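Chain lettering (A, B, C and D) follows the sequence in which the chains are written, and residue indices restart at 1 in each chain.
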């Protein structure tokens, strides 16, 4: 049984706490949050204690920390965790600044702790099946990848302000998925973006509608389309074309019910948003982390995966501004 | 917190134990099984005790029993539970003999206990949505109902021998679903059956492939098709036609992945069998029973529902033998 | 180039005239109709002549006749055609009375003419593909067949009055399709029927909503469901279950457009009715008849096929009245 | 009845000849081709005459010409047709060189003849329905457009050599469709392309796998993906996202048959290629041209439409070479 400390008690922490307490081999020991009342409420509901971060790092019984706090705290917590010998599950992103991410990863090098970054989509059972088919050669060699990722609605202005922009906040998941599925690093990247959903987004210096193109060294091509608006549910689709076929993974409908009438046939919306759509992905991700703690599987997605997805977001902004295809050079 | 005793430690009991221990408001107190080792293993895994049935009925702290033991024990357990003031969740069927079912229900009349019969499909979220749409008038007045229910494979010979025949064992779920969805009792019933999957089924006096037709007093028509063979997963579909449209609920695929190539496009099989397909139905069924214990919802499906579905199975056998449309007369 | 005489100038004749004039190897010579103006208008539009039936039978240049006139004239025209040595394409049914059908077929025996009966669905490209897959063993041995056939609306009262009832008018196509696909004659049949669409149908002594079950000697089972009401287009689906899988042929949507929004995803209705849905079937049927004239393919569906489908309709009525499974004994 | 001269007797001419002779109001008068035998064979089959182009332009009875000859002849034929007062249906492209296209369009200005360019997809019934829904506001204001267009296989080397490259030969249809559906001119465009299907394509200086992004002045975004390889049929899909929903038009399967078994469910490939997929588009396109001749509808797609799609192809090449987003400035 691994004793776990959860740093953060907000929306995404609520997802992780269910995974931690629902897993047969992990136990929630501590909850830490700047909002002490939130931490205490969550801790009480699960037989844990609300403490300061120092108490977590000072307790030799804590095996691992889950970082689900606000983004600016992530890298410091990773470093503190590494210093204290705690394994780390860190929500994306490690930081909004690529230089700080590199510094953080350099700082924990040699610490011997295991770190995984929370790219939850890699653990979705549908996308895992997709990846397994790709790896099994179902479509021969992959040639093109099309990722559609559209949120049901805009986040609040405060969230947008702190998000680092749509590429670092939302597309970062698609960047990671593209790298994961292409099986080869993109070397060039394009982006176009606009503000069509809400003028306030432009006022905040962000975008809400985007397309991104990329190419790998061997010529594989990928396209991402994003929007902060989808009336028909959380749109999460992937499609790969290969030398021998096509592989796709569509949306998961809210139910299988179809209603036919004079209007045609109506099937159900896609599941509302990430909490519904990726509920099993979060559980599988946690189970994966437990296996990482056991040492039976590799610690992935790695810190480098987090850094590279962020570098792609940086490149997308550079392309927007320069009007150029930007060369990606991962270390 | 309701203290629950589980009678039975076999396959279906394993489903219910997960619901009981996974529910925030129920606690597994006892497990009873003729196979004492099975009972002890299950009890130990969940912090409960393996005891004899008498201990269950004698403990005033037990709020309810879950009957998941072999069919011949069901009715006696219901009666004993009622005598001891325990509420009852009973797996279908109450008994294979309709006279015994009527006797049992008469015996517990006036006991004040609540009884529900485990027709799990009523609680499947997809079928619940289907029923809600029907009730909301999405297709006007229902005119025809088509139920497809096909198992992935034959049960073992020992199971078939004790099952009461395909109509009492398998179609009984479809009979209940037909009554539930038609909103009106069938008054006439037809059946045809044959043995196409395995000759051994015929040797055991059973069938493996059937069609059943029925009609209500107002002329609504329903058809069920069954088979003990389905290579493409557990086939569980319903389709209703009404004055203003059609409503259908299809199978749930194992994943959303679709593979296209020179052969065409291949999507995934239906979920394998009832454990996979109805996992959320079992959880919702248990939550419903907790609400029944609270007194906030009606205790359904009732004992009478169990009796009527069984009477339809009896009628189906009568039709097979007589070659006639059989009149159904529920009390 | 075969010279063709078309007997009838009504709705279904309009379908056949397009096939005749659109085929590279047939030429419309004559049109015959009791409504002389209709015959003349149709003839004029296609460079043919409106004449009496006698003129057709007396012209040695006429290779074949197409009988698309009112049902009571069919059998007499077949006999007259055979006497004159004309090959015959006859719309279903040969007659509403099975005894008269048998008499007609006996009368033309030995005439040497070729006769096919217009069961158009056998020629639908989708259903042909379905049949080819069945024949190729795609699902092993067929075990069950489910046919859904639902008209978009009621025909006029005058049509119903002359139709012989829904089983002889509408289900007859499904009876033929069942025989065609099962590959084995049904030996037992039962039927249920009611009037749910319009009370006037009952006043006319007909039904509008039916289910029919049947069984072959080896135990294969088939079910047909019919309705004279479908708000979502002409519903024409078949589904076969076999020892190794399932084969289905669904409806053809009016277009591929799908509209998603807050209501879910809406796809298009099925094509409206037989003229739209079976337009290519009618052309393929005609091309088949030309091949029959050439002598390169068998003359099917045969007169016996027509007789047997009608006998099944008779049996369905007998089952409705007697409440029994009716034994089918084809000669 | 309009008398039509067909210039060209090759593959695409064979498509158009069917439309011309199958239309109630057009008559094929002449066929012209450098391959005189091909012209004579086609003319003979349809009661027309094989002549030189001069004979066409000199015959005052010819209402219109259809230019389906090799690309380098198109612009000259347009000019000669305009000089002779013949209306023109010209296969795309007008020329591979944008300057020559502009010159040609300038040369025919004031001639009074009607010219349409053969962007056949605008006339596909599915895409027309899609456009009608867009125009009716089904998804509110369009925000993103995704076009998938993938050929089943590579054309011969000789074809590629004369094609002007994939953007001018294949993507040009998608460029036109994007303009047609966006309802607003793109102002920026970027492209990536590679050679993954066959090394010979690279040797010929062409590409076989591409992605193109574009943006309109108001910020609408569009993405095209192309490939010269598709094992599952001709892949022709469009998807539009708007402020109120999504609209898609998928592929048309070869039949509705679905086969289920232990492997899952297999549906049919998309129709093989443009001759099959767009057969009704070609007929509708011709009917549209007849209406243009009547003067009852506008002559679209116009010469300017042809010029703009070609300019987008030019811009795509410029983006490939420069690594920049290219600004599109239509006159």
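To be clear about the criterion, a contact is a pair of C-beta atoms (placed from the backbone, for glycine too) under 8 Å apart; a residue touches a chain by one contact, two chains touch by 3 or more.
Because the structure is a prediction, the values reported are computed rather than measured.
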Which of C-D and B-D has more C-beta contact pairs: C-D
Reference chain B; chain at largest CA-centroid distance: D
Gap in Å, rounded to a whole number, between the CA centres of chain D and chain C: 41
Chain B and chain D, separation of their C-alpha mean positions in angstrom: 58
Two or more partner chains touched - positions in chain B: 231-232, 244-246, 260-262
In the complex, chain B residues that touch chain D: 231-232, 253, 260-269
Sites on chain D touched by chain C in the complex: 125-126, 129-130, 133, 138-139, 244-252, 254-262
Of all residues in chain A, those that touch chain D in their complex: 141, 143-144, 146, 148, 150, 188, 190, 192-197, 209-211, 213-215, 219-223, 225, 227, 229-232, 235, 241, 243-246, 323-325
